[in-house]
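One structure follows; several queries about it will come next.
A, B, C and D label the chains in the order they appear, each numbered from 1.
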Amino acid sequence: MEAGDIHSKSAAPIPTDDAPRRPVPPPSPALKFGVGSAVVLLAFADLFIQKHGSFAIEHTPVFYGSLAFLVAGALIIVAEALRHLLSRPEDHYDR
Amino acid sequence: MSALESQLPILQVIVPLVGAVLVALMRGGRSAWAVALVITWTMPVISILLMRKVLATGPISYHLGGWAPPIGIEYRVDLLAAFVLVLVSVVGAALMPFARRSVASEIDGDKQVWFYTMYLLCLAGLLGITITADAFNLFVFLEISSLATYVLIALGRDRRALLAAYQYLIMGTIGATFYVIGVGLLYLVTGSLNIYDIASRLADPAMQNPRPVMAALAFIVVGISLKLALFPLHVWLPGAYAHAPSFASAFLAGTATKVAIYVLIRFAFSVFGVAISFETLPLTEVLVVLSLAAMFIASIIAVFETNLKRMLAYSSLGQVGYITLGIALANTQGLTGGIVHLLNHALMKTALFMALGAIAYRLGSVKLDAIAGIGRRMPWTMAVFVLGGMALVGVPGTAGFVSKWYLAIGAVEKGWWPLVFAILISSLIAVVYVGRVVEVAWFREPSPAVEKCTDPPLSMLIPMLVLTAATIYFGIDTEASAGMALKAAETLLGGLK
Amino acid sequence: MIGEMSPGLILVLGAVLVPFLKGQARAAWMLALPIIGLMQLLSLPMGDLGQTTLAGVPLTTMRVDGLSWLFGFVFLFAAFIGILYNLYHDDPLQHAAGLVYAGSAIGAVFAGDLVTFFLYWEGTAIASVFLIWASGTERAYRAGMRYLIIQIGSGVILLAGILIHHHATGSLAFTKFGLDAPGAMLILLAIGIKCAFPLLGSWLPDAYPQATPGGTVLLSAFTTKLAIYALARAFPGTGILIPIGLVMAVVPLIYAMMENDLRRTLAYTLNNQLGFMVVAVGIGTEMAISGAAAQAFVHVVYKSLLFMAIGAVLYRTGTAEASALGGLRATMPLTAALCIIGGLSIASPLLGGFVAKSLILSAAMKDGYFWVWLILLGASAGAFVATAIKIPYAAFFAADSGKRPEEAPKPMLAAMSLAALASLIVGLWPSLLYGALPFPMTYDAYTLEHVVTQLQLMAFATLAMVVMVALGLYPFERPGQLLGADWLYRGLGYRLLRWIEAAANAAWTSIVGGVTSASGATVAWARSLHGPDGLFGRTWPTGTMALWTTVMLGAYLILAFV
Amino acid sequence: MRLDVVLRVGSKLILPFMLLFALYVQFHGEYGPGGGFQAGVISAGMMILYALVFGVAKAKLIVPQRLVEFMVPLGVLIYAGTGVLTMLLGQNFLDYGVLDPSPMHGRERGIFWVEVGVHVTVASTMLAIFYAFVERGR
C-alpha cells in the first residue's frame, strides 16, 4: 500500500452505503409497553427517593434517566453520522 | 593419574591431531565416523577436567618439550581459554551423532574419510588456537584450522561451494597474513613471541616507541576481524556457510568465528591491554560503529534472504555484532555479555543449522518456498528451529536474553542509552526473519514433497534437542554461563589495566 | 502445596504435557491445572515468597497481597472457563498456547520484582499470538504479526524502562513508582500499550476478532487486565491517567455502536470499560483502587461470557457480523439467555457490574471530581446500549437472518453458565467480593437510591434505543471496516494534519510491509540495499573484499597515528 | 618416445644417487643444513623424475596411490607418536630427553624420529600432489 492512496479512497464514494440492508422490524407492542411502563414507574419512584449524592445536579428529578436517554440517543445518532466518514471496505488495511 | 592430569593441555590438541591421522588410515565412511566419534567425545572430558582444574587452582601453564617460556612454546589455560575450550569441544562432540547420516547423504562415499580427517584437524586447530600462549604457534593453528575449513566447505556436492571455499581461502589467507605481520612487528619491538611475555614487555614504561606497536595492533585487529567476519570484512562468510555441507555449516557457525573472537579478546585485553587497545587506538568507537552496522545491515539482509542457510549466516554476522559490541564496551558487564554470547550463540546457531541440516536431509532443499508447511510434518525439527529462533531474538527464558541483558547493562553503565535501543530494535529485526520462517513452515499448506517428510532419525534429532535444551537451560540458570563469563571478564579487565 | 511455586508456573509447566495427551485425558489434565493452581493460591500465605537472586540482584518471584491475590484468583477462574470453552476443538498447539498465556498472566500478577514481571509479560505476548494465528486465515496471520510486533514492542519499552530504573535506583522491586521515578515514563508507555490507551490501542480491535472463538475469550481476559493490575500497582493516583481513562471510556463507545463485527464491538466496549478502571487508578484513593480491582474482576467474568456467547454464534454460523446475523434466538435460546445475562451484568442489580462500577463512581464523587463522575455516568449509560442491548439484539433478535444454527456445544454452554453463575453470585452476595478487595470495605450497593437510579439508567437507555429503532435511526448493520486512530487526524482538521496521517501511514506500511513482504517504499529501499541483489546482500568479488580489508587497515592506522 | 635413450640411461644413473643424497640430507639434519623436509622433497623428486621418464603407470607400481595415501598420515603419526612416547615416559610432549639415559642422546634420538616422520609425510604429500595433477587429464 502506498502511503498516499488512503486519500484517493476516502475521496471516492463509500461503497458500503450501497450494501443491501435488511429491514429491521419495528419494536413489538409488548416491548413498547414494557419499556414505557418501566420508564414511567421509575421516573415516578424517583420523586420519592432520598438522594445522598454530593453533587447538586443529582437531585434534579429523573436526572439519571434523562442523562441516560440523552447519551444513548446522541450515541446512536453520532455513530450513524460518523459511520459515513469512517467506514471502509472490509479489507481496507490489507490492500 | 596425576601424570596424565599434568598432560591435559597437550592432550586437548594432540588427541584430535593423532585422531585425524587415524581417521585418514580408515577405509570407509562408517569406520572413519566411529573413530572420529570416539576422539571428539574425549574432547569435552579433557576440557571440562581442565576447566575444573582452572577453577580450583588458577591458570595452568604447560611447557612444550620441557622448554620454559619465553623460548619454548607455552600452552596456557586460564578461565577464558577453558570456557572457549569447553564450548568448542562440546559443540564438536554434540555434532558427531548428527554427522553420520547427514555427511553420508551429502558427501560422496570415498570422500567421507577425508571429510572426517579434516573435521578433526579443524577441531585440533581451533582448540590449539585457544590453548596456546605462543603468538606464532597460534598462527600455525590458525592455518591448520583454516586449511581444514576450506576443504570442509569445498567437499560438498554443491558446485558453488568451490567458489565460496576459494573466496574464503583468499580472504582467510589475507587475514592470516595480516595477523602474522602484526606478530612480526611485535617480535621486532619486544623480542618475544609468548603473548604473556609480550604483554609484560609492552607494559614496561620504558617502552618509548609505540608506533610499531600500534601498527601491530592494527594489523592483528584487521586480520582477526576478517576471520571473525566483522562487518565490512564479512562477505566471504555467507557463501561459505550456505554452500558447505550441512554438518560443516553447523560446526563452523558454532565454533570458527567464536575462536576468532576469542583471539581478538585475548589480544585486545591480555596482550595490548585496555590502555593501548582502547585509549591510544580508539577501538571502542570503531568497534561500536562496525558492530552496529553488522547488527542492522546483516540482520536486514537476513530478512530478505530466501535461502535459509544464507539467512542464518547473515544472522550470525548480526550476532557477531553483539559480541564485538560487548568487547567494544570494555567494561565488566558489557564484556561479560560478549563472552556469554559466545557460548549462547554457539549453542543456538549450531542447533539451528542442524535443524536446517535435518530438513536438507529429508527434503533436499533449504529454500524458504520449499519448506512450506514443513512444521506439521517435521514438528520436532521445526520446534528446535522456533526455539533457536526465539533465542536469537532474545526472548526471555532463553540464553539469548541473558547475553542481551548483560550487553544492555554494559551500555547503560557507559551511559550510552541509544545503544540499548539499538540492541532492542535489532532484536526486533530478528523477530521478523525468524517469524517469516515460522509463518511459512507452520501456516502454509505442505507441498507434495514436504508431505513425505518426517522428523529425522533420533541420531540426528537428539543432538539438536540437547543443544536446544542447553539454550533454554542457560536462559534460566545463568550461573554456569554468565557467572563464568563474569569472572573471566573481571580477570581480563583487572589484570592488565 | 508445591513449595512457593507461582500458580502461573503450574499452568505454564502443565502446558508442556498437553501435546502428549489425547482426548479425555487431555481435557481432564487441562481442567485440573487451574484447579491445582487455585489450591496452590489458597495454600500460600500472604507476603513475599520465592526469593532468589539473579546475578546478585535479589528477586521476589512470588508476592501475594490483596491486589495480586484478587487478580490471580479471577485469572485462574478465567483460565478455567476459557479452557472448558475451548474443549470444543482438538488443537494441542492452541491449548498449550492458551495455558502458557494464562499462566504467564497469572505469574506476572504475582511477580514481586520487575525482572520476573517482564519475563511473564513477554510470555503473555508470545503465547497469545498463537491464539490469533490458530485461526489459520491470512488475515489472522497478518493481524497476529502486527499484534506480536506491538506486544513485543511494549515489552522492549518496558525492559528499557526497567533498565533505566535499575540503573538509577539500583532497585528492581515492582512497587509504586509515580511519574517522577527514573524510567517511569517508559514503563507507563509500555503498560499503556497493553492497556490500549488512546492512540496506542488499535491493536486490540485489530487482533481480537481474528482469533479463534475460544482464543478471543482468553485474550479478552488477560492482557488488558494484567495492564490494569500493573497500573494499579505502579501508578496509583497519577493524575494524567484520569483524562486518558475518560477518553478511553468515551471514544471506543462510538466505534462500538458503528461496528458491524460483533467481536470487534465487544473489543471496543472492552476498551471502554478499561477506561473506567484507568480513571479509578488515576484517582488513586483506597476506594478507587478497590473499585478498579473489583471492576476488573467483574469485567473478566462478564466480558468472557459475552465473547463466549458470540464465539458460540461464530462457531455455529461461521460469522460474527451483525449484518449477517439476527433472529438466532429461535434455535439458540440458551446461548441467547446467557448472552443477555452477560450484557446485563454490566449494570443490572443482582449481577456483577452493579456492585463493582458503583465503587468507581462513588470514589469519583467522594473526591469531588464532578466532570469525571458525570462523564463516567454518561459512559456507563452508553456502554449499556453498546453492550447489553446491541450485542444480544443484533445476534439473536433484530432482522431475521433466516439462519437456524444448532445450540452451542455442551462444553461451551457449561463454560458460559459458570461465568453467568459467577456474575450472579457476586451480584447477590457483594460482600464476598468486597471482602477480598485490596482495601477490604463494607459498601452497601443495594440502597434503594442506588437500585432505582441504576434501573432508571437502564430503562431510559433502552427507551432511547426503542425510539431510535421506531424512528428508523438505529445504525443499520452494514459490512465495513472502520478507520482507527487516524480518525482523530481527520476529525481535528483534515487538511492541516494530512501530512501527519501520511507519515503515520508510511510508518505503518513499512512495519506491516516488512513483515508481510508487501512492497512499501521503505521496504523497497531496504531491499535495494539489503536484498539478495542489493549492495550489502550480494556476494562481492574477492578483489572488493580485499580492498575493504586494506581500507580497514588504513583506517585503523590513521586512527592510531593521528 | 623411442629417441629418449639418453634420458632413460641418464636418469637411471642419477636416481640411486638422488635417493642416497636424500638420506644424507636426512641424517645430516642435526648437524648441518638439511633435515626431514628437504630430504622428503628430494626423495619425492626422485620418484617424480622416474614417473616423468618411465611413465606414471610404472611409477605407481613402485609407489601405488594407496601407499601414498597411507604414508601421508603415517608420517604425522610417527612425529606425534614420538611426542606421545615422551609423554608415556613421564615427561612433557616432545621432551626427548627421556628417550635415552643420557638426555643429549635422547634428544638426538627424538629428533631423528621426528625427522623421519617429516620425511615420510613431505615425500608422500608431494607425490600425492604430483599424482593428482597427472591424473587430471584422464
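FYI, a contact is a pair of C-beta atoms (placed from the backbone, for glycine too) under 8 Å apart; a residue touches a chain by one contact, two chains touch by 3 or more.
Here the structure is a predicted model, which is why all the values come from computation and not from measurement.
J.: If you tally contacting C-beta pairs, which comes out ahead, A-C or B-C? Let me know.
T.: When A-C is set beside B-C, the one with more contacts is A-C.
J.: Based only on mean CA positions, could you tell me how far chain B sits from chain C in angstrom?
T.: 42
J.: If you average the CA atoms of chain A and of chain D, how many Å lie between those two points?
T.: 99
J.: Could you state the distance in Å from the CA-based centre of chain C to that of chain D?
T.: Distance between chain centres: 78 Å.
J.: With chain centres taken as the means of their Cα atoms, state the distance from chain A to chain C in Å.
T.: 24
J.: Is the way these chains touch best called a line, a ring, a star, complete, or other?
T.: line
J.: Write out the stretch or stretches of chain D touching chain B in their complex.
T.: For this pair, the touching residues of chain D are 69-70, 72-74, 76-77, 80-81, 83-84, 87, 90-97.
J.: Which part of chain C faces chain A closely enough to touch in the complex?
T.: Touching chain A: residues 139, 142, 253-254, 257-258, 323, 326, 365-366, 368, 370, 373-374, 377-379, 381-382, 384-386, 398-399, 401, 448-449, 452-470, 472-476, 478-483, 486-487, 490, 498, 501-503, 505-506, 509, 512-513, 518, 520-521 of chain C.
J.: Name, in rising order, each residue of chain B that touches chain C in their complex.
T.: Interface residues on chain B, with respect to chain C: 166-167, 170-171, 174-175, 178, 211, 214-215, 217-219, 221-222, 225-226, 232-233, 235-236, 238-239, 280-282, 286, 297-298, 300-301, 303-306, 390, 395-397, 408-409, 412-413, 417, 420-421, 424-425, 427-428, 431-432, 435-436, 439, 442-443, 478, 482-483, 486.
J.: Enumerate the contact residues on chain C facing chain B in the complex.
T.: Residues 54-55, 118-119, 122-123, 126, 133, 136, 141, 145, 148-149, 152-153, 156, 159-160, 163-164, 167, 514-515, 517, 526-527, 529-532, 534, 536-537, 539-540, 542, 544-546, 548-549, 552-553, 555-557, 559-561.
J.: Touching chain D in the complex: which residues of chain B?
T.: 3, 7, 10, 14, 17-18, 20-22, 24-25, 62-66, 117
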